[in-house]
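We just call them A, B, C, D, E and F in the order they show up, numbering each chain from 1.
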Amino acid sequence: MQQSADAGWLRRWGLAHNMRIRKLILRALEEDIGSGDVTSRSVLSGKERGTARVIAKGGLIVAGMDVFRDVFLVRDDNLVFTAMAADGDSVAEGSDLARIAGSTKSILEAERTALNLFQRMCGIATLTARFAEEVKGTGVSILDTRKTMPGLRVLDKYAVRVGGGINHRFGLDSGVLLKENHIFAAGGIAEAIRRVRNTAPPSFKIEVEVRSLAEVREALESGAHIIMLDNMDNKTMAEAVGIIGGKAIVEASGNATLANVAGMARTGVDFISVGSLTHSVHAADISLILEQ
Amino acid sequence: MQQSADAGWLRRWGLAHNMRIRKLILRALEEDIGSGDVTSRSVLSGKERGTARVIAKGGLIVAGMDVFRDVFLVRDDNLVFTAMAADGDSVAEGSDLARIAGSTKSILEAERTALNLFQRMCGIATLTARFAEEVKGTGVSILDTRKTMPGLRVLDKYAVRVGGGINHRFGLDSGVLLKENHIFAAGGIAEAIRRVRNTAPPSFKIEVEVRSLAEVREALESGAHIIMLDNMDNKTMAEAVGIIGGKAIVEASGNATLANVAGMARTGVDFISVGSLTHSVHAADISLILEQ
Amino acid sequence: MQQSADAGWLRRWGLAHNMRIRKLILRALEEDIGSGDVTSRSVLSGKERGTARVIAKGGLIVAGMDVFRDVFLVRDDNLVFTAMAADGDSVAEGSDLARIAGSTKSILEAERTALNLFQRMCGIATLTARFAEEVKGTGVSILDTRKTMPGLRVLDKYAVRVGGGINHRFGLDSGVLLKENHIFAAGGIAEAIRRVRNTAPPSFKIEVEVRSLAEVREALESGAHIIMLDNMDNKTMAEAVGIIGGKAIVEASGNATLANVAGMARTGVDFISVGSLTHSVHAADISLILEQ
Amino acid sequence: MQQSADAGWLRRWGLAHNMRIRKLILRALEEDIGSGDVTSRSVLSGKERGTARVIAKGGLIVAGMDVFRDVFLVRDDNLVFTAMAADGDSVAEGSDLARIAGSTKSILEAERTALNLFQRMCGIATLTARFAEEVKGTGVSILDTRKTMPGLRVLDKYAVRVGGGINHRFGLDSGVLLKENHIFAAGGIAEAIRRVRNTAPPSFKIEVEVRSLAEVREALESGAHIIMLDNMDNKTMAEAVGIIGGKAIVEASGNATLANVAGMARTGVDFISVGSLTHSVHAADISLILEQ
Amino acid sequence: MQQSADAGWLRRWGLAHNMRIRKLILRALEEDIGSGDVTSRSVLSGKERGTARVIAKGGLIVAGMDVFRDVFLVRDDNLVFTAMAADGDSVAEGSDLARIAGSTKSILEAERTALNLFQRMCGIATLTARFAEEVKGTGVSILDTRKTMPGLRVLDKYAVRVGGGINHRFGLDSGVLLKENHIFAAGGIAEAIRRVRNTAPPSFKIEVEVRSLAEVREALESGAHIIMLDNMDNKTMAEAVGIIGGKAIVEASGNATLANVAGMARTGVDFISVGSLTHSVHAADISLILEQ
Amino acid sequence: MQQSADAGWLRRWGLAHNMRIRKLILRALEEDIGSGDVTSRSVLSGKERGTARVIAKGGLIVAGMDVFRDVFLVRDDNLVFTAMAADGDSVAEGSDLARIAGSTKSILEAERTALNLFQRMCGIATLTARFAEEVKGTGVSILDTRKTMPGLRVLDKYAVRVGGGINHRFGLDSGVLLKENHIFAAGGIAEAIRRVRNTAPPSFKIEVEVRSLAEVREALESGAHIIMLDNMDNKTMAEAVGIIGGKAIVEASGNATLANVAGMARTGVDFISVGSLTHSVHAADISLILEQ
């Protein structure tokens, strides 16, 4: 699970992301610091210098090192931050993740905000990697969903990517997905697809959510590019894959867990989307310790 | 666990919160909708009307009904939202939580954002209530921490309150907490407390984090108002409580779980703070279904 | 060219657009009014009431009536705005477009900003309709580009739609388009497409820009979903269409004018993209006259 | 038409402009890049380096080189931008305008936004210069209007200045202009001017719009500092100039074109304002080509 | 000093002001309320209703009643605010200024912010009125300066107007004022004026600051529209007025006080600018009392 | 009154303050410069270089040197700013405070905004120091209030600190203060305190405002940590201090002036809060002079 060749990926996500991440960091620091850290202001002279070690207190996949660093640098750009692991690295309990040197006051004021973000991102990547491990060799890719924390979607989706998953659409503006309600309103799958063809930008594939083999057939005949099998059992999914026969991409959706995802993968689908990757994150256990 | 007498609590949190919540909702909707929902725009005429039912798919404590509603109303203030449960209610699997009537397109566009927030808040309240239940009758209160999701602290802390917990300080600006590093920098507990006395606003109590019984005694003698026992075992905590003898408030901190919290409570401390209430939230299972 | 059945389209574009449009209107009014209209403030008592007529001083396709109205209402929500034409209507010189009644001062302060936006949008729709007319009956659709005015893309693209065009991707985040430079960097069309397949969200079709028939063949074999013929002459385009044989969508790009677009359409391509629709807009001639 | 001695003019416009321009650039980049450039992110490693040439594909007056550069630098401040022409330069078709070296990905992501702004600004300056050329030697100056694109007024007005025009007021807050409706509401020119004198800041001249020679006389007698002749024919304008006899500044307004502006200038007015300079801009033809 | 005929003046200042005032009120409330009023949240149920009386505890000129009201309404638009005096009214000690009924909690949370703004504005108007009274009958008007509190300029200048003063330019963008340094840089008054003539928008008068009678003459000959006599004694000012002889407007500037302003006025100048009106405000004494 | 050992205090107030101060400076500059300084733009080439001296024109306590500097640097980061005094210094009339070298145009454009802030801050510190001097040796500390200028609270409170005062709570979110109305609503002091104990974060002390000796006793018995004596005469205050007997902190509030504060201090209270420190500031007299 060594992926550090891919480190730096975050930078490739471009300005909009960096801009948004920077705003997010500022808002997070403002939320925590408010009108000022009354404790540090009273006790510290501001001249104390220290060095902090950041340690993994459990095994984890690193994700978000740049974000973690930036929280400290946004707080005080005189801090010296040394990353000792890279996004995608699988590290063991006790590993050093980073070292931060400079104003003790600045380190203390940024600590909580930085860890809150980093622990979430590592938690997401770690879980994603476990899902990816389960389906290894089946040709199936793990997809995320839009079940992310409001304000943090970019980071959540990035962490999924670091953990070995593939991103589904970022939002309602970057993918066409016809759900049951759209189909109902249009009067059927065929008509819904026809409408998209006539008015949507041609750049999007058309994905259709189906609940039965009859709907699988209808979607296929109407020219759906992606067919999402919603909450089907594995046997029905396997049949659906057979019917589709490679003429559309197949996504399985609904309640995938570490326990059942391998079985889902063996049905022959192309993608399995997993909401819990981002809606029920277990924070990775990471500590910051000031050396004395 | 019926707490609906306390419903409406969110409104009492005042403008700043409402303003911030409104901005948070707008940002969350913008994050998801971006340059527009290409699916709905292509398939729906905009005139379709529908009614959605919101259902608890597991037992949970309701928290954030006003926020949930506001996401829909910010998206389209012509929607009619009917809450069928109130913050603090303990509801069983299958219970109706709300009903939303109006433009199908508006409901579909707000659905994901609204659920992302609501499921998190209900998840926090539900877990907090389980912790509170564990310490019931001991006189101990469950405290939250600053380990919240950046941007969502107000909602996270509100949900803790609904679940029966008490809020610790909101941020670094609203409480004095002398940690090991502050004490080290000041040259000792007594000196750190002296500095706070001389320069901090007199409105704050002084809380001191201690790691040994010697430190407990020093903090007590130096006039600490709150003593936080950091990662002590239960036996040591009980001794600390004895030493303090009611002359300061006592908070236990560090790795409280549902399994061990009752034991911690029996040591006689006043508060137990629990980071996992907000840093490792399990989203409550809630569905929105459009009636056809 | 009567398209008013489609009026109200703007509303269907959803919150994100409405939010952005509202911000845009506020910024535009602030830009013009700054620290206040010194003329009106000095001369008017604020109690004068008047009625303004808005008149087309040339034939045009109406686009942006809602935006035009909203500028007045944002300035003063007591104004009474009556639309006398709808988006998509083709109106003759001298037609009444709207009537606005209320505070003279408010009308005068919003006038310039409202007209600046409305004249541009009608100008875009009118030109788009002329292009659409030229290719009528050929099955070809007119596409817009990203050559829009910074800050106004939503309105520019909406006006294209009203004029009978189809929107290309809204931005770099909502469509995959492999240009010469991407292909060069990847080391060829096949490799570039392979990379997109492996990492991009599966929701996007893959569009490839090509400059020769050899590249057409390579793109087709590599599985491109859309092939953009860049600056080819009509004869080469016709050959390309023959080679593609319906196995991919074909877009013609480069210097389309009212004079040559019909010829381009006869080559058999599916779409023709036209940058001048939005980069060189001729403001429609519209006047606001206060009745005395 | 060599004006590069005046290059750097933009910098002299001061912070407010620079701040606003920076915000405008950020908004423009966000509008185009949104949640990220999916193509570049998928195909490029982020390490590719390239050099782009920016070429005038037609003769033009350069305007906005600093803005053009800043879009690239805001996107990636490691890019090396070399201007090869300066604001005010008149360049021939085929001229090199700039060279940009650095990350290919950054160049590609900023390209469209940078060109959208630069092509508009050069287009405005080029047209303004043609108007200025037409009135050369007559002592008349070309004025712009408030018919600018919302959000872009500063850039539009700057480009006019570079092209050899003079700016009229920036907005309603920076000039007093009594139009027909103000005069009607006040009950006459004399009373309108009297009110301005009593309450407006003394720093403003008073400009009055007139439609007849009778109004010219009334404005003159009432002490107008500037008289705007609205939509008069040349003969009437010449008479008006005679009546005014140097006792007020004279501005001609209404439908000036390249064909008729010289004739208007010969009437003896001081200024001619031209709305089409900014409301119907023809984008200058400029290409960015990556060297391979 | 009864000026209430002019009440409502604030509304006439137009959207930009209202928008800015609304933002200012929001920022002010956020500054004070932060993460919430911990006292009210703990003690009040949120259902308490009360009525507050607002009383002048000293004689004063009312200014800013709309702003005062809006703070309460922004906080809670269910409050019922009844103004009992109008901007421009001169009220005696003990007078009722307003009555506010509704949620006790809302009233308490808005109280301080509302009073902070209102007391400043009334303080400015009251002092301005005293200056205006001193120069009554001399034909001189009192001008304000740019020595206002950052963020509050609109309100400060409005209050001056209510108190009977005239506003000087709002900022550096709305008036030309050649100070010593500009003149020095240009190489003399004549050259400085020439440059303004050639490049500045023609809408502005040209004001020149002078320090000697020689400079008065030079400014006059160079065509200055307004001559500002900087820190001259009254005798010199009278001579300057004689030299100018009505050919330019004359402003006296520098250290005007209530004690010396009448003497300055008798020199024959047109305007006297007074920095202390806004840089050293004495808050008017106003109380809010909740009835029990 | 030499306090420069404490200079740099502002930096210790942490990011949130610095961020807010930076935003405040930007808003202040935008407010003053708007669409640009028309005078400088017309007269200066932008290449003029100059040096400005900043001089105290009266004795004062320096406060806000960093803010003063930052206004210049935000405007133009090429300016060279040399502080010649530090926050807390007591300087005599005629002292040099700072020297600024660089673009004349930049200096002129930042001058007014920088002085407006600096003169206020020095004014506050100077007055606070006079109050502190009055109570010297009594053990009493001078407290500020929330009667600050909206938008400037951080600076106002910082200046109080520099002048030798202590800050009371920053806003409603950082201190519990039970006023008459809270007590009335709760049904008495005891009940109000009980409610705070049960629901407010434990980090806050509980302060109670009292108006009689009976209320002093009730507050004391109910466990108030701080008792605020509201508008009592000195004799009653002395009695109250006797009753309290060191079991709570005592704050005197109401109409403290330089004339009466020493007498109030002799009653034995711990703190005296003074609203006029920030609500009625007399700007310190400071000049900026460009050397020629």
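Quick note on the criterion: a contact is a pair of C-beta atoms (placed from the backbone, for glycine too) under 8 Å apart; a residue touches a chain by one contact, two chains touch by 3 or more.
It should be emphasised that the depicted structure is a prediction, and the values quoted were computed from it without experimental measurement.
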item	value
Intersection of contact partners for subunit B and subunit E	A, C, D, F
Of all other chains, the one whose Cα centre sits farthest from subunit F	C
Between A-B and D-E, the pair joined by more C-beta contacts	A-B
From the options C-E, B-F or C-D, the pair that copies B-E, where over half of the contact pairs coincide	C-E
Inter-copy rotation, subunit D to subunit F, in degrees (Cα atoms; steps of 5)	120
Centre-to-centre distance between subunit C and subunit B (centres being mean Cα positions), rounded to whole Å	46
Where subunit C and subunit F are represented by their mean Cα positions, the distance between them in whole Å	53
Subunit B residues counted as touching two or more neighbouring chains	14, 16, 33-38, 40-41, 44, 109, 170-177, 199, 201, 204
Subunit C residues within the subunit F interface of the complex	34-35
Complex interface listing, subunit C residues touching subunit D	24, 27-28, 31-44, 48, 50, 104, 108-109, 112-113, 115-117, 119-120, 123, 146-153, 170-182, 184-186, 192, 195-196, 198-201, 204, 276, 279-283, 290, 292
Of all residues in subunit E, those that touch subunit D in their complex	16, 143, 166-170, 172-177, 199, 201-205, 207, 225-226, 249, 251, 270-271
Contact set on subunit F toward subunit A in their complex	8, 11-17, 19, 154, 170-171, 173-174
Touch list for subunit D against partner subunit A, complex	26, 29-30, 33-38, 40-41, 44-46, 74-76, 105, 109
